[in-house]
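In the two complexes that follow, subunit A is the common piece, with subunit B as its partner first and subunit C second.
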Partner chain A sequence: MQAILQLLVSGVLLGGVYALGALGLNLIFGVAKVVNFAHGEFLMLGMFAAYWLMTLTGINPYLGAPIIGAAFFLVGLAFYAGLMRFTIYKPELTQVFATLGLSILLQNAALVAWSADYRTIQIMPAGWESIQVLGAYVPTNRLVAFLYAVAILLAVLVFLRSTFIGRAIEAVSQDLVAARLMGIDPDRVFLMTFGLGIAITGVAGGVLMPSFYAFPSVGSFFVLVAFVVVVLGGLGSIAGTILGGLLLGLVETGIGYVAPDLKEATHFVLLILLLAVRPHGLLGVKGAEKETLK
Partner chain B sequence: MIEIRDLHAGYGDTEVLQGIDLDVRAGEVVAIVGANGVGKTTLLRTIAGLIAPSRGSITAEGEAIGGLGAHRVVERGIVMVPEGRRLFPRMTVRRNLEIGAYAARARPRLKQSLEEVYALFPILREREDQLGGTLSGGQQQMCAIGRGLMALPSVLMLDEVSLGLAPIAVKRVYEAVRAIRDRGLTLIIVEQNVGQALKVADRAYVIQGGRVVLSGTGRELTNNEDVRRAYLGLTEHA
Partner chain C sequence: MNPARYLILRPADLIGLALAVAAALVLPFLVRDDYSANVLVLILLYAGLASSWNIIGGLAGQFSLGHSAFLGIGAYTSTLLYNYAGISPWLGMLAGGSISVVLALLISYPTFRMRGVFFAMATLAVGETLRILLIYSRKFFPLPYSLSIDYQPGLARMIFEDRASYALLAGCYLLTCLACTFVLSRSYTGFYLRAIRDNDEAADAAGVPVRRYKLIAFLVSAFLTALGGTLMAQYVLYIEPGTVLSIELSVDLPLMAILGGIGTILGPLVGAAILLPLRETLVEMLGGAASGAHLVLYGFLLILIVVLLPNGLLGGLDRLRALTRSKPGPSADAAKTAGVQP
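For the complex of A and B:
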């Protein structure tokens, strides 16, 4: 009984973090139909941003998350305006190569700038690394990251539902031509979506930093997780991203308990099964996996 | 209101419109008729700013709007209700209507416009929490027209509003079109259902091969033998 409670707590905490890590990827895909292969590198940059913020100014990433978010919003705008804008109505392969190229560039730039060392930061004071809830062990780093995930996911949902620009983003994701006929400027919507998606990704990297090591190629682990979460929950669906994250967190934690060696394999097995059986995911729109901008 | 001169436009290297001249005066209902694939929809899409003209001009109240981009054309009060309705399928009816008032010129009047649309189409008020994709064809068409009205158009362009609808739904939709006309709104109607369009139109243009081949009042064209034979499927004695 105790073990099951522990697995549930760990699984949900991990799942929330996974959902947050995948949200930016799914948002950008849902609206601009771009699969961002550099997503993991933006997470990596978020982690390093948190590291340097803490190391140079002493501001820990839990408090500094808004600063990281604002900075990465600008990074997202630059990402769209400087690169993705030129690929947006082009065939998918153009976008794949553009983002894949950027991914390689960012990884190697990070390697040159910061070397391949593993870095971490300590935030929670000694003795506060974990707390006990109903007898279950809860790592505080994961708990804070989870709370951030919940807050950001809710904030994004509210933003999309209740602001004009949020609704415009939603409209473009559902029918680009109809959105244009409503007076929506798609270029502005794409710009805002990339800003928002990368801001979320940067913050995700930042609040993950204290529970993971940062190094230049750490993104390639997270991007795989993010792809599984997005495909599992549903392409273009934010509710799906939350569900996908939680499911993956629970499954991974459960399997890790029974057969620790197979923990990593769950990602691949789930991904392959889903792509074969239900490629639009649990909550995704049927056919979303084939969607391109028209 | 709208003047079109020697308009050429198309997709990629295919030129669909090959020199269209057309005028729409304020308060008029103009029908654009013709067989499938002659460029009627392309013409509306070009006016709406979805397609940039390759040659020629479109002016609205003296201002050139050709190639401005759809969102800028909407801000000038020229609004298109697209073929196939194209509601946002995963938004409620109400959300669909509200997003119709996205343009800066329409936003301040959103609440009032919504009431007016509900008054015109009471069924939409009943269905306001239903998802766009779950409405019947006729209701979707009403929602699409209502969404267009939310933008406070001075010119409303309707593309194939009767296509794929049951006769009873066609009748309802055209009752609404007449009601909108009676409010003094300028309308441009593209239809394959030529009889229906000519009945409601003040004037009409017949398009063939990307050019205007005939124009006149609705009555003139309804009585024109060539039009009757080619588009109305009527014989001389009918």
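For the complex of A and C:
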């Protein structure tokens, strides 16, 4: 009983982390129909941003998340204006390989700048690394990241439902042509979406930093997890991302308990099966996986 | 109707044929120094692999990012058979190809339901799963992490003293892949594949057996890729999951095809002939391969290529030719629909 409770707690916390890591990817996919293969690298950059913020100024990423978010919003704008703008109406092949190229570029730029060392930061004071809840061990770093995930997901949902630009984003995501006819400029919406998506990803990397090691190629692990979460929960569905993250967190924790070496393989097997059986995911719109902008 | 009439060589094909034969069968006798011979072997081998990818990725338009799985199976099957059972790599190569074909058939059931980027993601997952499972299997089998092949030159063992012989072997492999691409792209299969690539729903509506033809392209591609895997193992004489099953390989092959001209017959060769020397030069210019500096530039070039030249160098050439034509009338459009040019 105790072991099951522990697995549930660990699984849910991990799931929150995964959902947070995948949210930016799904937002950008939902609106611009671009699968960003460089998503993991933006997460990696978020982790390094948190590391340097903490090391250089002493601001810990839990408090500094808005700073990271603002900086990464600008990064996202630059990402769209400098690269994705030129590929957005092009065939998928162009988008896949342009973002793959960016992924190689960023990963190796990080390698050149910061070497392959594993870095981590310590935030929680000694004795507070974990707390006991009903006898289950709860790592506080994960708990804070989980709370951040919930807060950000709610904020995004509110933003999309109740602000003008948020509704414009929703409109473009649902029907580009109709949105354009209503006077919405899709290019501005894409710009904002990339800014928002990358800002969330940067913050996600920042609050994950204390519970994961940061190194230049850490993104390639997270990007595949994010793919699984997005496909599992539903393409373009924000609520689905939460569900997908939680499910994956629970499955992975369960498998990890039985055969730790197969944890990663479960991601992929799950991804293949899901894409085959229910490509639009649990909460996604049917046919979303076939959509392109043209 | 004689089906072979589609295989008649056009004047432009003769030039292409001459180029390919010169690269594959004449150059190996001309290079003298070790360095260029090594680059030549790699170019011919990777050109063959990229051509194999091109059959499913270019002709059929299904962007597989999991070809490392087939390459790894080819490399591992022949090496295991040779090291543990003494079976010649020439036979091991065919065994690896057959296993690859079986894997391709199996994964076609889930993956052929997707297209575009989702097919890419699923195949990427296949390649990665295979790598992880291979590493995991060492818990149950006494399999070392890496496998070395003893250096004992001999034709039956597919191990040679000089690089020129390897270059010739890789050249023959490349010509095989090119011949397969040529036959597939000029036959009815090629017409069907292009129809599927351009619009699979329309192709289906027009009565093209979509699944069957995608499968043909996938199986041929998987088989040829596995052959290249064996060749790679025999050339390097050392394999491990981190090399022959790496994601980098799965990305490199499409990249070469795209750079040269995706879906064209000679595109992958052109792409490999540019990309491999370029990467070698970048490594030399920017210091050791471990620093990653060359890959920064490499990633940048990749972005530039796909954004500026989505149809590759040969595709760009075709467009230039179409522009210089006096009148881009119906004939130019017909050429465009015909798609593949050498």
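Assume the second predicted complex is superposed on the first by the 294 of 294 C-alpha atoms of A that agree within 3 Å, B and C clash if a C-alpha of one lies under 4 Å from a C-alpha of the other, contacts with A are read in each partner's own complex, and residues count from 1 in each chain.
Here is the rule we go by: contacts are C-beta pairs under 8 Å (C-beta built on N, C-alpha and C of every residue); 3 or more make two chains touch, one makes a residue touch a chain.
Everything numeric in this text was worked out from a predicted model, so none of it was measured.
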item	value
Which superposed partner A:131 touches (first subunit B, second subunit C, both, neither)	neither
Which superposed partner A:239 touches (first subunit B, second subunit C, both, neither)	neither
Partner chain(s) touched by A:92 [first = subunit B, second = subunit C, both, neither]	second
First, second, both or neither for A:150, with subunit B first and subunit C second	neither
Partner chain in contact with A:264 - subunit B first, subunit C second, else both or neither	second
Which of subunit B and subunit C A:175 touches, first, second, both or neither	first
Touching both subunit C and subunit B, counted on subunit A across the two superposed complexes	none
Residues of subunit A that touch subunit C when the two form their complex	35, 83, 86-87, 90-98, 100-109, 111-112, 216, 220, 224, 227, 231, 261-262, 264-265, 267-269, 271-273, 275-277, 279, 289-290, 292
Subunit A-facing residues of subunit C, complex	63, 107, 109-111, 113-118, 120-122, 124-126, 128-129, 132-133, 135-136, 139, 247, 251, 254-255, 258, 262, 291-293, 295-296, 298-303, 306-307, 310
Residue ranges of subunit B touching subunit A (in the complex, touch as defined)	48-50, 69-71, 74-75, 79-82, 86-91, 95, 98-100, 102-104, 106-107, 147, 151
Complex contacts: residues of subunit A adjacent to subunit B	164, 167-168, 170-171, 174-175, 177-185, 285
